[in-house]
Amino acid sequence: MIFGEAYEGIKHIFKRTFTLKYPYQRVQLPKGFRGRHILYLDKCTGCGICAWICPERCITFVPLQDKKEHPQNPENRFPQYWYARCCFCHFCTDYCPTGALDYSPDYELAEYDRDLLLWSPERLARLPTNVGEYRSVFHGEKGNMGVTYERVSEHPTN
Amino acid sequence: MSQETLQDFAGVWIGKMSEIVRTVTGSGPVRYLINWSRMYALWPVHITTACCSAEFGAMMGPRLDPERFGLQAVAGGLRQCDLLIVEGTVTKKMAKRLKTVYEQMAKPRYVIAMGDCACSGGLFHDSYSIVNDVHKIFPIDVYIPGCPPRPEALLSAIVKLREKIRREEVFA
Amino acid sequence: MTNNPNQQTPPPSPVTISQTKDPSTLDVSVGPQHPGSGHVRLLIRVDGDYIVNIDPDIGYVHRGCEKIAEYRTAVSNIPHLERPCIIDAIHLNWAYVKPIEELQKIVVPPRGEYISTIMAEMNRIMSHLYWLAINAGVFSGHTTIFMYAFGDRDLFIELAEMLTGARLTYSFIPPGGPRRDLPTGFVERLTKLLDYFEGRLVEYDRIFFSNPLIIARAKGIGVLKREEAIKLGIVGPNLRASGVKYDVRRVEPYGAYKDLEFNIPTFQEGDSYARFLVRFHEMKESIKIIRQALEKIPKGPIARKAPLIIPEGEATGRVESSRGELTYMVMGDNSDKPYRVKIMNGSFRSLIALPYLLRNVHIADMPIIYGSLDYWPVEADR
Amino acid sequence: MIQTSPREQTIVDTLKSRFPDAIKETRVEGKHRVLIEFEKERFIEIAKFLRDEGFDHVKGITGVDFPTKKIIEVLYYVGSYSKTDLEDLLLMLKTSLPRDKPIIASATPVWESAHFHERETFEMFGVKFEGHPDLRKLLTLDNWEGPPPMLKDIKFPEMSQR
């Protein structure tokens, strides 16, 4: 077994690379990935269940900036998330009785300033921007399989 | 010449030289070169404060391979490091050590607050042994939310930090 | 250096550091900023090249989980109670939920139990791969296995992400049953990944476990005999490496484990290499368990609705986590918040082995022994 | 309805006959759980007896604070590795100490595995274990000055807001 390690090392020179070249290639996330929240302003009634279930109470209720009427929400109370505290457990999404909250694949939330991590309802209502096109694909038959990240054309299948 | 005049002479010349250095490094191409080399030699300190280190390890792994950006985790000493990633919760017991680590690092040094706990206390913000505001210990350049953030999110923060370094003055 | 005869006599308890300091010894602080320690500080007393005595100073990540748990509701407690061991989150989550279900008298549907079991075994593989990469690979200077194991761990994480929606902190099992059913395409992908991973285990064996350098560094180092392991109450893979066949999946079957067939890898040597091998063989057994569970998984509902109140009483739930037996005690008082939550985990219980094993050993053997214990400081500190 | 197997009943019965005045209450809770409440004065004798029966290690030691009843309950979770017929049993030993003076004999001479658990309980609840070789604070060693944090009446201002 002395040459076992050397054999392994040399074998992998001839294999395809595994690395995902991240800022240029993004991984395709599954449908239920728990990234940042999406808020549907036309569904939210401002009931406050999300704030009650939130483990770290990162949700506060604020009125909308624009004066557009939302008839289902007469008190004009919409959730505002402080992402410096949110742990992305998405219990709020699961407990929401009207389906006003949803998962999104956005995870690049880094900011230079901590105050910018406060997401207003309008900002939460924006559509997600992160689209991944690469996913891990196995090739070869059983016993000698390899894996690489390859571009897939179709959208999430699961 | 007497001692005093020699010192005056040297002081004037040192002042002049440093001004020349400042103007040269402040000029476009030289500043660009210096910032470019700083951008590509971000070596993180090997201190793990809490559980976000699992995702830090995943970022260092083969899937994302941050050595593409010159990010190497091999530096043993703090003097060679310029990036401090606060990986998670900072307890009061750890804060003292973290401050020591930060002070031992050579300038220019950059800090990334990784995870909710480093940003604001996160899940444990009301606990009795947690430092909620890490930015009161040292200035923080980039905040990444997430509990823990994805390794891609950490890498995107590093890309953001590189953008900041690219734009900054050499003698800030 | 004078060779003091008094130095040979051990202190009264092997766990205690002797307060009287010999002039020829030297105190060295390892950690918390140290590539080989993580967030724990080991106060080591060395005499030349040998470690005389060691005093573990833990608590650098003590976040007061048990106190916070008294202030949050049963469901809101899940995220922070699974953070102590982030790479093994599903077991911590499950062990916390089991006593609450016992108090609320809910029975989880069999499909829910199977999904939890599949997820738990995947998590065991991920946790062992993390150990293999960091605690075994990096600590022994083997960088290749770090790359191999972390790459394969990310593939399992992608599957976990598909099922639960998060990479590490799943918050997947609230009281009543798991949150999501198996998504379409999950079973095919997992089967393919298991085929791939089985081939990779052969490569791991070739490059790491049969590597003469690793054998030379780990064999016969840090021997914990069977009697000592029992006396110190060591738990999990470290215990099984010392020859005690104790596994909660067998002695108190939970989840779907009573329907599944698997072996419990046990070794008699009790040294660091045996602890390496136990985890290696456990990964093989986990593959077997996942395959059986995917075959036998029944149809039906996955979860029941659970009340929000924790009834009065006291219950304990046990699971076999990657670091050994994990017990959560939950005490309720008819409110929506628990009166008291107590975590008894594998890392805190294997802490006592550190001062026991790290005495009269070479200082160069310290990383191997420390790494072989798979000690996760955050879990021990809570 | 819990079915008590003869094995658990024998342990309970022998303990009761051996220490008739020290055992306050015994309860078989579920299939793998036995709860024994005892008086703290004869703790070491009970522990020695249980160790000789085969319960060879401590899984955990903790306290529960009851400010209204003015007691601190100390719980010992004890199990067995060496006897295969006892290994699935989780023995819970419970005793109550007065809240103003919580002192109990240390279990370390009997079970060495109790070492760090007792240190933790000392730190979190202020329970003094007499005879412990090294009773120091463990987790909050150099930043914590004040009462033990896990006591119920220790309120932290930022926590009580919620």
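Lettered A, B, C and D in written order, each chain numbered from 1.
The criterion applied here is as follows: a contact is a pair of C-beta atoms (placed from the backbone, for glycine too) under 8 Å apart; a residue touches a chain by one contact, two chains touch by 3 or more.
If you're wondering where the values come from, they're calculated on a predicted model, not measured in any experiment.
S.K.: Find the geometric centre of each of subunit A and subunit D from their Cα atoms only, then give the gap between the two centres in Å, rounded to an integer.
M.R.: 44
S.K.: Whole-Å distance, subunit A centre to subunit B centre, using C-alpha means?
M.R.: 27
S.K.: With centres defined as the mean C-alpha position, give me the subunit C-subunit D separation in Å.
M.R.: About 24 Å separates the centre of subunit C from that of subunit D.
S.K.: Going by the touch rule set out above, which residues of subunit D reach two or more other chains?
M.R.: Correct list: 140-141, 149, 159, 162.
S.K.: Which residues belonging to subunit B are in contact with no fewer than two other chains?
M.R.: As it turns out, subunit B has residues touching two or more other chains at 62-63, 91, 93, 123, 125-129, 147, 150.
S.K.: For subunit A, give me the residues that contact two or more of the other chains.
M.R.: Correct list: 18, 27, 55, 87-88.
S.K.: Report the topology of the inter-chain touch graph, choosing from line, ring, star, complete and other.
M.R.: It is other, because the touches fit no line, ring, star or complete pattern.
S.K.: What is the complete set of touching chain pairs?
M.R.: All chain pairs meeting the touch criterion are A-B, A-C, B-C, B-D, C-D.
S.K.: For a test of understanding, state which residues of subunit B touch subunit C in their complex under the given definition.
M.R.: 45-51, 53-55, 57-58, 60-63, 76, 78, 88-89, 91, 93-94, 97, 101, 123-124, 126-130, 147-148, 150
S.K.: Which bits of subunit C are touching subunit A when the two form their complex?
M.R.: Against subunit A, the touching part of subunit C is residues 72-73, 75-80, 144, 151, 155, 158, 161-162, 165-166, 169, 171, 174, 179-180, 183-186, 192-193, 195-196, 198-199, 203, 206-207, 210-212.
S.K.: For subunit A, which residues count as touching subunit C in their complex?
M.R.: Residues 1-2, 4-5, 7-9, 18, 27, 29-34, 53-55, 87-91, 94, 103, 135-136, 138, 142-145, 147, 157-158.
S.K.: What residues of subunit A sit close enough to touch subunit B in their complex?
M.R.: Residues in contact with subunit B: 18-23, 26-27, 55-56, 82-88, 107-114, 117.
S.K.: Help me check something: in the complex, which residues belonging to subunit B touch subunit D?
M.R.: 91-93, 96, 125-129
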